[in-house]
Amino acid sequence: MKVAIIMGSDSDFPVVKDAYDILKSFGVTVECRVMSAHRTPDKAIAFAKNAEHEGFEVIIGAAGKAAHLPGVLAGCSVLPVIGLPIKSSTMDGLDSLLSIVQMPSGVPVASVAINGALNAGLLALQILSIKYPEIRAQFHDYKKQMAEAVEKKDANLQSQL
Amino acid sequence: MKVAIIMGSDSDFPVVKDAYDILKSFGVTVECRVMSAHRTPDKAIAFAKNAEHEGFEVIIGAAGKAAHLPGVLAGCSVLPVIGLPIKSSTMDGLDSLLSIVQMPSGVPVASVAINGALNAGLLALQILSIKYPEIRAQFHDYKKQMAEAVEKKDANLQSQL
Amino acid sequence: MKVAIIMGSDSDFPVVKDAYDILKSFGVTVECRVMSAHRTPDKAIAFAKNAEHEGFEVIIGAAGKAAHLPGVLAGCSVLPVIGLPIKSSTMDGLDSLLSIVQMPSGVPVASVAINGALNAGLLALQILSIKYPEIRAQFHDYKKQMAEAVEKKDANLQSQL
Amino acid sequence: MKVAIIMGSDSDFPVVKDAYDILKSFGVTVECRVMSAHRTPDKAIAFAKNAEHEGFEVIIGAAGKAAHLPGVLAGCSVLPVIGLPIKSSTMDGLDSLLSIVQMPSGVPVASVAINGALNAGLLALQILSIKYPEIRAQFHDYKKQMAEAVEKKDANLQSQL
Amino acid sequence: MKVAIIMGSDSDFPVVKDAYDILKSFGVTVECRVMSAHRTPDKAIAFAKNAEHEGFEVIIGAAGKAAHLPGVLAGCSVLPVIGLPIKSSTMDGLDSLLSIVQMPSGVPVASVAINGALNAGLLALQILSIKYPEIRAQFHDYKKQMAEAVEKKDANLQSQL
Amino acid sequence: MKVAIIMGSDSDFPVVKDAYDILKSFGVTVECRVMSAHRTPDKAIAFAKNAEHEGFEVIIGAAGKAAHLPGVLAGCSVLPVIGLPIKSSTMDGLDSLLSIVQMPSGVPVASVAINGALNAGLLALQILSIKYPEIRAQFHDYKKQMAEAVEKKDANLQSQL
Amino acid sequence: MKVAIIMGSDSDFPVVKDAYDILKSFGVTVECRVMSAHRTPDKAIAFAKNAEHEGFEVIIGAAGKAAHLPGVLAGCSVLPVIGLPIKSSTMDGLDSLLSIVQMPSGVPVASVAINGALNAGLLALQILSIKYPEIRAQFHDYKKQMAEAVEKKDANLQSQL
Amino acid sequence: MKVAIIMGSDSDFPVVKDAYDILKSFGVTVECRVMSAHRTPDKAIAFAKNAEHEGFEVIIGAAGKAAHLPGVLAGCSVLPVIGLPIKSSTMDGLDSLLSIVQMPSGVPVASVAINGALNAGLLALQILSIKYPEIRAQFHDYKKQMAEAVEKKDANLQSQL
């Protein structure tokens, strides 16, 4: 099981880290790279073209503003590409979101919420889990623990009011 | 290989049909249902809860306006859920898009473009293809044909100018 | 008189508290719970289904981002449901607002302003007051005091200029 | 049981009619009026001030553009006021929605979706039903029939594929 | 020469002050009041109705969120009403702006920029100046000084580069 | 009494006509011109600079898209300038509105609603009426007739239900 | 003098044609191609990489929705790239505009208005004219004729009122 | 080689500085001026009209809010004008962007991203480079160094994980 996380700028890593961490905690091999659709297009395109043969099964592309990286990766690979829109200093992430989610017909990108790195990682796990029963099993546990955490918070709030 | 397409209203079917058709053309079994997160929540939730055990591997949820269906399906299943925002008569689809893509941490939905039904189907195929080599092979063909179609249009335009 | 306030995350409580406080100050019994349409859908749905029989008369649902909680509660109950959109770290609350207010035909949610918790509480009181004259009477007083507070501020400003 | 529907312009009636019809079909007395917060403010304010004493229990205010009518009615009455934003020829209803839903603290308006007249009527019925068991009973039936209609559409779609 | 500045909340005064100051510096009599279209509608309406007879010539209405105050004042007076949209804690002032500027046909409000208090004051002065030559004369001076200030900043920047 | 209506393109005239007509019907002299801030800047600027001395008292500037005309006129004249944002084929008039209403400090433009030509004309009349009692008197009549028209529509609707 | 116009889809040609025509009318050699950043990335990238050596001096990239084409061309070439956002069936062109104009630091795209094909062509001419005096001379004429056309429309309108 | 940078306010300089610095570092003569389309229209227009004859080859216009400066400069000059939208205290720069990019047909402005000053400078260099081979050569180096910087960041991230 191998997932690539490609981000357009290393300044995106503090946001992207949640995706990296959740994937690692499920035992997935993660390659985390800085490549830009605009500043290093050759690197990004070469990576996307080779990703299938290098054993990657899912690609997460994270980028901000006119966020072309996930779409370019999807154009150059048959792998499922998850797009993670990064909020930048203007437009509150709306530019990143629309640049990623509004892909024209023929080349889909699976967009998650603005700065939704944890969900990008979880979505990659859900995709892997259609093939790997051990990821599926862990995902069931994760979902249960998440529910229990909410229930505990509910109980805490009740006890305080 | 079995994919579910759940739509919130049968009036969404003319848009959703592109997803259905592409999946069928790849030989995938598709169950196409009308269920509403608001009007038939029990049906929708029961479907989502049983989907894994009934052999579904991907769910596509299509809905408009305050489009809760994909998120509710994702909340009740471990399967990857693709959200397809349907443009309605007001707000140009922005309400549908934000209701689907901005999922809170823990429960991802893989959003495609507003009315991007073909891409919803293609994304489901890309997800299936990490497990089924025959889908992967077809997808390579599809991508090649798509490129050739663009090249042909390019040639046509050249010949007309 | 019994009102339920359901929030999607305990981190919403500092905002939600204004609704809780105003209801308590009018002598209404309030049950304040943390339940998520996505992380604990069973709890949320069970609560909504039983709410009428447990004597609740109004439900307030508070949630952020793709804020499905009020709509899901409304789908599973005949009680009037007030939706309180919570502003999150991106999109300035627009996602929460549209996810709550743009409900499709058949299942209304009574939306108040983004982070408008006091108004959510006041609206619940106005609804209760069609049945409970003592709430109506208090509400008349509240409205009068509110007007007097504005008049006092007006006088203060006049005296300072 | 008496509900007032106030609209800012008679050109809003074709949209508003859904609210009127559903209320009548439940046996509610409905007074349907054209009054403007800007062109006939005295009428609108006098109506709102007298509404409680004339036996109205809920007010629906429908208006477009800078849609002040519901807020002005709410400012002059203790009754619950439902705001129905009407889509006009520019801005796709966003101006109407924000003018209605973003009410400042102290004076709530219960906003429904843009052009969501049926939901405005249903919300009024849900509010009435906290006092009138016969409305509650009918509402249970309505909700059941709505679910059955969706199920029938689901069956129809199944039979056609 | 008498101008009224009406604001919906005394918390708007720090923004509104620029309008007050510029009017005073031109020798205009200014009455600065806190009145709310929602919390003290009677006061606001009475003020607007009497404004013409009390000698006011222009009204500035400042309000935030669902900002109905300028529109309500304009509905109850024949005087020119300037609307000053106040930025609040959500929506970045877009709600205030649309609530003020999108007035329906028949009752105009002269909207200035979000938080554009100085311009609200200057616009009032321009309106007064069609009647009062001494204001017109001062306005010519003001415009000249403003230009000179820009030219001085231009010279400063040149000298620093 | 003389008002100038300047529009950026003659294609704006069908919208602008409402302003022209209402001003004429009040007996105001109106000069209606096509000048562009971008295509004929010299004409537009010369007009604005001479407007005061040629006896104009109010200028209405109508423009669409990046609608600079009203702001440029306001920069070159001390007269009150009313900005009328014209809806164009994209962006639903939001670009026109923001380009007109968001004027920087020092140079106000009095913005009305998108395509709100009647209100632009009425606002010009309200401004003139601070100097011309005969306009003020007519405006009182206009407001009364407008109210009566609404009341008649109200009566009509009542009689039909 | 050689300019390339690259569009993402041949369906964009009816819009793009204005750019083609104006360039041709100035005597510029224009190569007009259909290439997609997503469907034929190799073609698009190869074109951009070779453009300088093949004698192109400006590239116009036209695309809709998540419009990555101009940015990808700019990433692979040192030539000035003009981005022309095409309005598609949803979002009124806002997605195209933000995807094109919000380019991250280091790789500029010169964006024109949504569907602003004529301006894309004119901008290319202005760029060429810094090197080619004959284009500059023609551009002076063009600007003069444009002004005269506006003045003629102004005269026509005057004669009709 | 001479480029003009005109900004609407000296408060824009901290943003604009990136354009100035990159141009200087390429050896371009830069004149950096504060002129306002609204407060000093004569200066701005005179500058634009003389720019060609004073040897300027590109103009960068930076402005915020209703940002008319670049459009006015473009209206008064045949030189290519780059528009740099400055983010102001409200609207997150959307007003500036739309006021600059949505120029009507006939007068293009080459818009870059909100606060995208570096890209404004780089775009000016790309335009100059169609005439000046030494700028073109430097630009090739710049692009290579930018790619190497990304690759170094990629390597750094790899070494830390």
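Each chain gets a letter, A, B, C, D, E, F, G and H, in the order it is written, and its residues are counted from 1.
By our rule, contacts are C-beta pairs under 8 Å (C-beta built on N, C-alpha and C of every residue); 3 or more make two chains touch, one makes a residue touch a chain.
Everything numeric here is computed off the predicted structure, so don't read it as measured data.
Visitor: Check every other chain and keep only those touching both chain D and chain H; list them.
Guide: Chains touching both chain D and chain H: E, F.
Visitor: Counting contact pairs by residue number and requiring over half to coincide, which of D-E, A-G or D-F is equivalent to A-H?
Guide: When the residue numbers line up for over half the pairs, the pair is D-F.
Visitor: Name the chain pair with more contacting C-beta pairs, choosing from D-F and A-B.
Guide: By number of C-beta pairs in contact, A-B is the larger.
Visitor: Please report how many Å separate the Cα centroid of chain E from that of chain H, as a whole number.
Guide: Roughly 34 Å separates the two chain centres.
Visitor: As a quick test, compute the distance in whole Å between the mean CA positions of chain A and chain D.
Guide: 42
Visitor: What residues in chain C touch two or more of the other chains?
Guide: 9, 36, 39, 65-66, 90-92, 94, 101-104, 106-107, 109, 113-114, 146
Visitor: Spell out all pairs of chains that touch, sorted by label.
Guide: Every pair of chains meeting the touch criterion: A-B, A-C, A-G, A-H, B-C, B-D, B-G, C-D, C-E, D-E, D-F, E-F, E-H, F-G, F-H, G-H.
Visitor: In the complex, go through chain F and note every residue touching chain H.
Guide: Listed in rising order, the residues of chain F that touch chain H are 8-9, 36-39, 41, 45, 64-66, 68, 71-72, 74-76, 90-91, 94-95, 98-104, 106-107, 109.
Visitor: Enumerate the contact residues on chain F facing chain G in the complex.
Guide: So the residues of chain F touching chain G come out as 9-10, 13, 20, 32-36, 39-40, 43, 65-66, 89-92.
Visitor: Quick one: in the complex, what on chain E touches chain F?
Guide: Counting only chain E, the residues touching chain F are 57-58, 78-82, 97, 101-114, 116, 118-120, 122-123, 126-131, 136, 139-140, 143, 146.
Visitor: Which positions of chain C touch chain E when the two form their complex?
Guide: Residue list for chain C touching chain E: 87, 92-94, 113-115, 146-147, 149-151, 153-154, 156-158, 161.
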